[in-house]
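Reading through the structure tokens given below for one structure.
Naming follows writing order (A, B, C and D), and every chain is counted from residue 1.
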Amino acid sequence: MSLARSFDNWHADVKAASLEFVGTTFFLLLAFGGIQAAKAEMNSSPSMPSVLLHDLYISLSLGFSLLISVWIFYRASGGVFNPNISLALFLNGIIGPLRFVLYCIAQLAGGIVAAAIVLALTPGPLLSNTVLADGVNVAQGVFIEMFITAALVLSVLMLAAEKHAATPFAPVGIGLTSFVCHLWGVYYTCGAMNVARAFGPAVVTRFPYSTQWVYWVGDGLGSLLATALYILFKL
Amino acid sequence: MSLARSFDNWHADVKAASLEFVGTTFFLLLAFGGIQAAKAEMNSSPSMPSVLLHDLYISLSLGFSLLISVWIFYRASGGVFNPNISLALFLNGIIGPLRFVLYCIAQLAGGIVAAAIVLALTPGPLLSNTVLADGVNVAQGVFIEMFITAALVLSVLMLAAEKHAATPFAPVGIGLTSFVCHLWGVYYTCGAMNVARAFGPAVVTRFPYSTQWVYWVGDGLGSLLATALYILFKL
Amino acid sequence: MSLARSFDNWHADVKAASLEFVGTTFFLLLAFGGIQAAKAEMNSSPSMPSVLLHDLYISLSLGFSLLISVWIFYRASGGVFNPNISLALFLNGIIGPLRFVLYCIAQLAGGIVAAAIVLALTPGPLLSNTVLADGVNVAQGVFIEMFITAALVLSVLMLAAEKHAATPFAPVGIGLTSFVCHLWGVYYTCGAMNVARAFGPAVVTRFPYSTQWVYWVGDGLGSLLATALYILFKL
Amino acid sequence: MSLARSFDNWHADVKAASLEFVGTTFFLLLAFGGIQAAKAEMNSSPSMPSVLLHDLYISLSLGFSLLISVWIFYRASGGVFNPNISLALFLNGIIGPLRFVLYCIAQLAGGIVAAAIVLALTPGPLLSNTVLADGVNVAQGVFIEMFITAALVLSVLMLAAEKHAATPFAPVGIGLTSFVCHLWGVYYTCGAMNVARAFGPAVVTRFPYSTQWVYWVGDGLGSLLATALYILFKL
């Protein structure tokens, strides 16, 4: 590769990473806003609130935020918004190492900025930290996160990376996959499937919980599992 | 431009604005009807009602009313139904100044007519005014409205104004964006994202609240923020 | 028209009407099943049930039953399933008088059969009659039904009768229109928008309510309003 | 057929069945995870939980798990995930006898593996068994299952097996059909529509209920009814 070509790629990578920063902030701003509303209502409700309704509300908020954010951004930047998806794209050779590193930085920064904006714009403390439910041990937490992250990453690889008649509608499939995975995950692990989603609120609230590592390990394993399944499909 | 050409445009602009009036009335009639049902149920419920369910019901009602109204009308009139989207289309040169003014008048009038019809057809007072929740100050209200309006306006610019394979399905993406933004906004600001939606019920109920200006300032800033992001994407 | 051609049409009309009977039974069987579940749960709940959740459940059940029924049947029979839509198709010259009459008979019969099957397959009495809510007078009932029926009929005329890139997805738009209209209508009128949906349970339960005529008048006016709007769009 | 050709088919059949095993495990893992969350919340709730919300949550979980699983897998394996759909495909000559047998084995095994993983990853016993509600006799159970299974099978035959403009979006229609059928079925029979979904949890929990046969008979009759309707449409 000539130096000029390399510089061109560097320029394109920085531009794409900048859009990833804007897009991840956009996605998580709407998602954390919905979570804040759901948890604020639960905390203020004089009667016993319904955990199931709260979980459904959050699943809709996160799943459909992702759906519309990817739809709006993906012809401009790819609309990845998730270091775990970036990792799988890198492992499958769809993006290069420089773009992978820049995307991860942009996505983690976007998560922090989104969490900070929601903290500033709504009354009370930030309520979007991810924690394990009572009775769920860390091994269970890691493996639930692994399976749901793998499902989300696989939806990106099969619906967006592969080209076919329904590819322009990949954002719908990806967003609905996130929604379904949350219906399982929110109750047990808060359903991150994305270290940027777990990391942003943790930074803003100064890491009040000790289980942040569960999301880095579990979601990382999910990227690997999805990559293995994708290679299996290609055989 | 010759005088004849100018007259042609004038004729087309008036026709399009007339359809915008019908379409905005259609959209907000269904939306205000759903809000009326949700709030009437809350007010009449002997047990403590769930605020979260009420917010979800209203988000579905407004988001999907917009989705189907845009789908039904947008090949006939453009299906804008929102002065804040009209403003962004004007700032980006997609519609001219005359059409912009006519659209705003038609959309504000549609909001008033829709609110009046719902008042006539359902028992009790009209319940669709937009107000800030307890604990939300006007600065927070303005900026929440700014962000969610920007998201909605950006979805129109990226999905409908830009031409690509998924453009015929832009109404689905626009409606789901409204739905997601409501999941955050309904709890804190009632989630207008549209001065016609805030203005119509306020006129019919004779402005019982002093915070109507929040929606004009916040939603107007949202049009500007979305326009800035759209220009950034085009660089 | 020659006698042979007329006989051909007669044959095609009878075949299409037979499929309409099967399809309307299919649509309303799933819809009445969902209503039965929702109302049975409300009646058996020891605590105060949520009317809003019940209304949302029924809106989803009716809207999405229509969505998938139209999707499955519409290349075979047209997937109309509704005498009020048949009327609008006849008034706009899309179907002839013989097919209009056969469709109405098939659709009303389908509503009766669907109601009878749900009565046989579930414990207790049939719970899917349409009635006006307390405080809603018959004039309000007629005009709410008129507006929501017009919205549904207009969605069929604009999304399915008109040919364009999104026409193969018309069932999605039509089903979501029914869903949105129910979010307003279920609380006030049970949201029929279709005399076959109001008539079937009334026949099976021997007309326990005196307001059946509201649905025939209101929904019929809705067909006329939608036809008028459609002609306006075509000018 | 030459021996070489037959061996080729055998090879393709085994590969497709392997993917069916992975895909059925994927689909039912997400679905059983959502059911586990819904039922765990109901069991632990100190106040009277809402059965209707629980039913809606499970309908969303199963319907949208199927939607996204079929979307992700169906260009790789066909995305059947259901012995009752396999049976209908075999009866209509779309798959051969060997593939039919291999698919059924793969799908039943996938159901067992999915149930075992959810049992391992979540606290407490497995909660996804299918049982008849109080007051529903076995004849009612068999015929409700027959009708909803027929609807699901028919959606596959009409939307995916038939080729037309909306075929790439068949997974959306099939998933929404499952969702609608669950809105009726969950309350009365738990809504299996798929012997693999009923069999997997029953194996893992060692058949605590005596009505497992209802799902084999009812869902099998559903495959036959859908096949009969499909032949009728083709006349």
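In this text, contacts are C-beta pairs under 8 Å (C-beta built on N, C-alpha and C of every residue); 3 or more make two chains touch, one makes a residue touch a chain.
In this text the structure is predicted, and so the values were computed from the model without any measurement.
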{"item": "Greatest separation from chain B - chain, by CA centre", "value": "D"}
{"item": "Self-contact between copies chain C and chain D, residue sets same or different by half", "value": "different"}
{"item": "Between chain D and chain C, distance of the C-alpha-averaged centres to the nearest whole Å", "value": "29"}
{"item": "Distance between chain centroids, defined by C-alpha means - chain B, chain D (Å)", "value": "40"}
{"item": "Chain C residues counted as touching two or more neighbouring chains", "value": "47, 50, 53, 56, 169, 172"}
{"item": "Arrangement of touching chains [line / ring / star / complete / other]", "value": "ring"}
{"item": "Touching pairs - complete list by chain label", "value": "A-B, A-D, B-C, C-D"}
{"item": "Contact set on chain C toward chain D in their complex", "value": "19, 22, 26, 29-30, 33-34, 36-38, 40-42, 45-47, 49-50, 53-54, 56-57, 60-61, 64-65, 67-68, 71-73, 75-76, 117, 120-124, 168-169, 171-172"}
{"item": "In the complex with chain C, residue positions of chain D that touch it", "value": "47-48, 50-53, 55-56, 135-136, 140, 143-144, 147-148, 151, 154-155, 158-159, 162, 164-166, 169, 172-173, 176-177, 179-181, 183-188, 229, 232-233"}
